[in-house]
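To keep things clear, I will list the structure first and then write my remarks on it.
Which chain is which? They are A, B and C, in the order written, and residues in each are numbered from 1.
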Amino acid sequence: MAKTIPDNLEQELKQVIANVIGREPEELKPETDFWKDLGVDSIKAIEITVAIERHFKIAVRDEEIPKITNFGQAMKVVKEALDKKNK
Amino acid sequence: MSKQNKRIVITGIGPISSIGIGKDAFWNGILKQKPNIKLEKCLVDGELWGEFYTHKIDNFDISKFGIDKDKLNDIKEWKEGEEIVDLNYLIAAVKLALDDSKLKFDSESNDIGLVLAHENLGLMPFGFKISDIAYEMLIGKQKKDLSKKEFFDKFYCKFLKSGYDIQTFADLFHVTRVFNIHNYSLFINNACASGLYALESASQIIKNNQAKAVVVAASDYPDIYKYLWFKQIGIYSPDGKIRPFCKDSNGLVFGDGGVGIVLEDLEYAQRRKASIYAEYLGGGFDLEGWKITVPQIGNTSYQRAILKALDAAEVDKEDVELLCPHGVGSQPIDYYEAKAITDTFGNNSKKPLITTFKPYIGHNLGSSALLETAILLLSLKNNIVPPTLNYDSPDSKFNLSLVKKQLKSELKTVMKICCAFAGFNAASIFRKI
Amino acid sequence: MKKDEYDVIIIGAGIGGLVCGCYLAKAGLKTLIVEKNAKPGGYCTSFKRKGVNFDACVHVLSSLRKRGRLNKFCEELGIETRNKFKVHDPSDIVVTPEFKINFFHDLDKTIQEFQKYFPNQKKEIDIFFRFMAFSPISLILQQRSKTFEEMLSGYFTDSRLKTILSVLILSLAGLPATEVSAFVGCFIYREFLFDGGYYPIGGIQSFSDLLANRFEALGGIIILSTLVKKISIANGKADGVILADGKLISSKYVVSACDARQTFFEFTNGEVSLERIKNKINIFLPSLSVFSLYLGITKNLNEIPELKANVWVIATYDIQKIYHSLINCQNEHFAITSSSAKDRSLLINDTESICLCTNVPFKDTSYWDGAAKELLADRLIRMSKVFIPELEKHIILKIIATPITLYKWTYNYRGAAYGWASTPKQFGDPDLSQKTPLDNLFLTGHWTNQSSGITSVANCGYDTAILILREEGKL
């Protein structure tokens, strides 16, 4: 059964990431750099990926993980993965 | 009813590394605490392609190990003159281990087996070969209307035989043939945990009556290709220092070399009055199954492997006196490992000493677990705990305290653990008897 | 203070435990023997299949001459031995590819026998045999750090003769002459081969029953089919046993007459005073086990009078080859023994009872589950045909005991037939003496530092009893 992209994807994703890094969803602006501005390190980056994968039931490729450096990137990765699933 | 199983012991160690070749030189090198790190330059037709720090073996000559010259020549012929360094390391490691164990067997009928472990045997020479051939063909005078089939025909026949370079059964053939080993033998590739899987396989081969003794050998000779890949994923130390569990860790550094270890049925070893390093009590293995280059922070697969090992060996957590983790010096992997260690041993009244060995010898990739096990076994034998080098700024988030200064300690039960790429988590336990 | 239920509890009713128990009971000590099997005897037991008697592991007794050691124990304990044993002479026959050599009760006759086949070594044979038979024990004890091979080579140059003299040691100690302590070799000759061939009427079990009955008559109690789980330890002393069902039976002394690893790794696990022994035996090599093929056959053994003796067959004179053939379960040496030949009252329904047995390593359970069992059995049958022609045609009953069977029957570590391997390094180890570092815990049987074999373990049982009686001030 095809899974549609949730309407409130942005909100959901913000909540998921915010829970992992211990911040408010509002702090996650598209250009806010996870590493420079929000104290994310390589360990947290993996935890974010784990949480995203679990929540949206997607798989993120190894090489994509270090590219998720801001919220915009995260959205892109999730959307692409969900699109692929829907095909 | 008590356990009546066969018991497995280690009777020979043959290490080859940048700090020493052969058990005595190797152990002295460890005691000296002076690693041999060089800046390796990779030149292509005289042009510098890349350079990287590595623990380099300076002088290695396969002809100096007393190995059957004719058999070595046969391999050289097969490989059309090409010297495959890590294959030679494997052969030398097997010889050193056999010599150390004083295991004698006749050439025609014996019940000795071999388990080889390597992450990428032949891959880089093969890669270079293909690159060379492709380059020659591309810049060479080719017809503009060269069909794909014609190209394939020309290209393919040039490296047809090279397929054997990466078909590991051919290397297993070469090594068993050099030593007249005719019994059940295997080639194992489980990434960096290969060595521990190889030990367990060897132990099972003996327990299943397939062999009385098994030589386990592993090696690696990491080159530019591997360096470039590790660099790309951000895990290679630019300044050539592995800093396990430190705030300023910036990745791993390769190390050349390999090691052979002889495992035997205890009663067989006793009957031939062999010198015994330790008993192999058992191992625990768990596959995380998440990603290849990244461990899944929060997953307890590594903890499971460690607990499975304790269970298999019938050892209490409190009885482990010395623990040797993988210790690659990369934050997420160190974190993953530290969590597994503190989860398992954190609440014990008696905690194991912890020390890691990569700063001495580099990351020997597929052979690292086995080579570091060799150091662990020598530590056990000598009751000396080598300190973790470069452990100058421990990161408190790991909640670990590693040995910083060489210690004398009555050791009995020790454990080697490894969290490899592709989520191969393994733990092995050894006990002095 | 609560009164102990017993003065001594002995774990295991093997010959060592039974003799120990008898001496203690005779001295008036309230003694209990706890045995896990339904009958006493350990390896010294028999079983029946379809009415046919088979002796499990021990097939003959020795040292029952007038001044023999086992006879001495029986006399002192008031066990009547007259008319209780069949005595066969020759007691043992070694069958080589060339000839058959007999061991007689009369030492001179045995010496002449060997001299007949090895005329070049006449003088040496005489000296050697007399040395082994008559030297004071102290002189023989001096030999214990030598191997039996070294001792033989001091006398003989003929390798066939050396092999023949070694092969019996191989069977009775599970080690080649190059590995076994010379003392053990001498002891086996003196106590077994020079005074052997005694068969208890009714089967080997009769001897164990004789001892058990005497023990009970002297006031001892045996409880059978009962497993001990732990030795109770309090205030730095052994003070009883805890059975598998949790029941505690208290006593002043405890004697373990059973498997050493059980004693130190299970019954007393964690006891600090015994750590040293535990660590030591952790690396000790156990002796080989035994593979036995029990056959009920229709061939009348009156036609093969040699089978009144124990027959030892070797297929080659190369002792190292023989030893390695045992280790690899491709046995080139085995023994044939028959309880019905030794005691004709055991001939039931014209079915003779024979046992083909040979030493093998334990290996592991899966090895004996497979084809290996039948392959070795077939091999032994094939090798026996030279002695019992067309053997396979006469077989009507076939039972196999592997090392697993021996383990299950006695819980002896890896089915060891003779306790620890009697190498010069292991034999006589002071840490394995009968008195342990734990107060009031004693050992007896073939896992101590004395030799193995029925006469030796009986002697050990006696020695342990004396140690306890001295402690009690009764001596």
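The working rule: contacts are C-beta pairs under 8 Å (C-beta built on N, C-alpha and C of every residue); 3 or more make two chains touch, one makes a residue touch a chain.
These figures come from a predicted structure and were not determined experimentally.
**Q** Suppose chain B is absent; how do the other chains partition by contact?
**A** A | C
**Q** If you average all the Cα positions, which chain's own average lands nearest?
**A** If one averages C-alpha positions chain by chain, the most central is B.
**Q** Report the inter-centroid distance (CA atoms only) between chain A and chain B in whole Å.
**A** 36
**Q** Quick one: report the Å distance separating chain A from chain C, using the average Cα coordinate of each chain.
**A** One centre to the other, that is 75 Å.
**Q** Using Cα averages as centroids, what's the distance between chain B and chain C in whole Å?
**A** The answer is 48 Å.
**Q** Across the complex, what residues on chain B touch chain C?
**A** So the residues of chain B in touch with chain C come to 1-2, 4-6, 207-209, 267, 270-271, 276, 433.
**Q** Which bits of chain A are touching chain B when the two form their complex?
**A** Residues 41-43, 45-47, 49-50, 62-63, 65-66 of chain A touch chain B in their complex.
**Q** Which residues, counting only chain B, touch chain A once they are in their complex?
**A** 233-234, 291-298, 330-332, 335
**Q** Touching residues of chain C toward chain B in the complex: what are they?
**A** Interface residues on the chain C side: 179, 261-262, 265-266, 279, 282-283, 285-286, 327, 361-367, 407-408, 411, 413-415.
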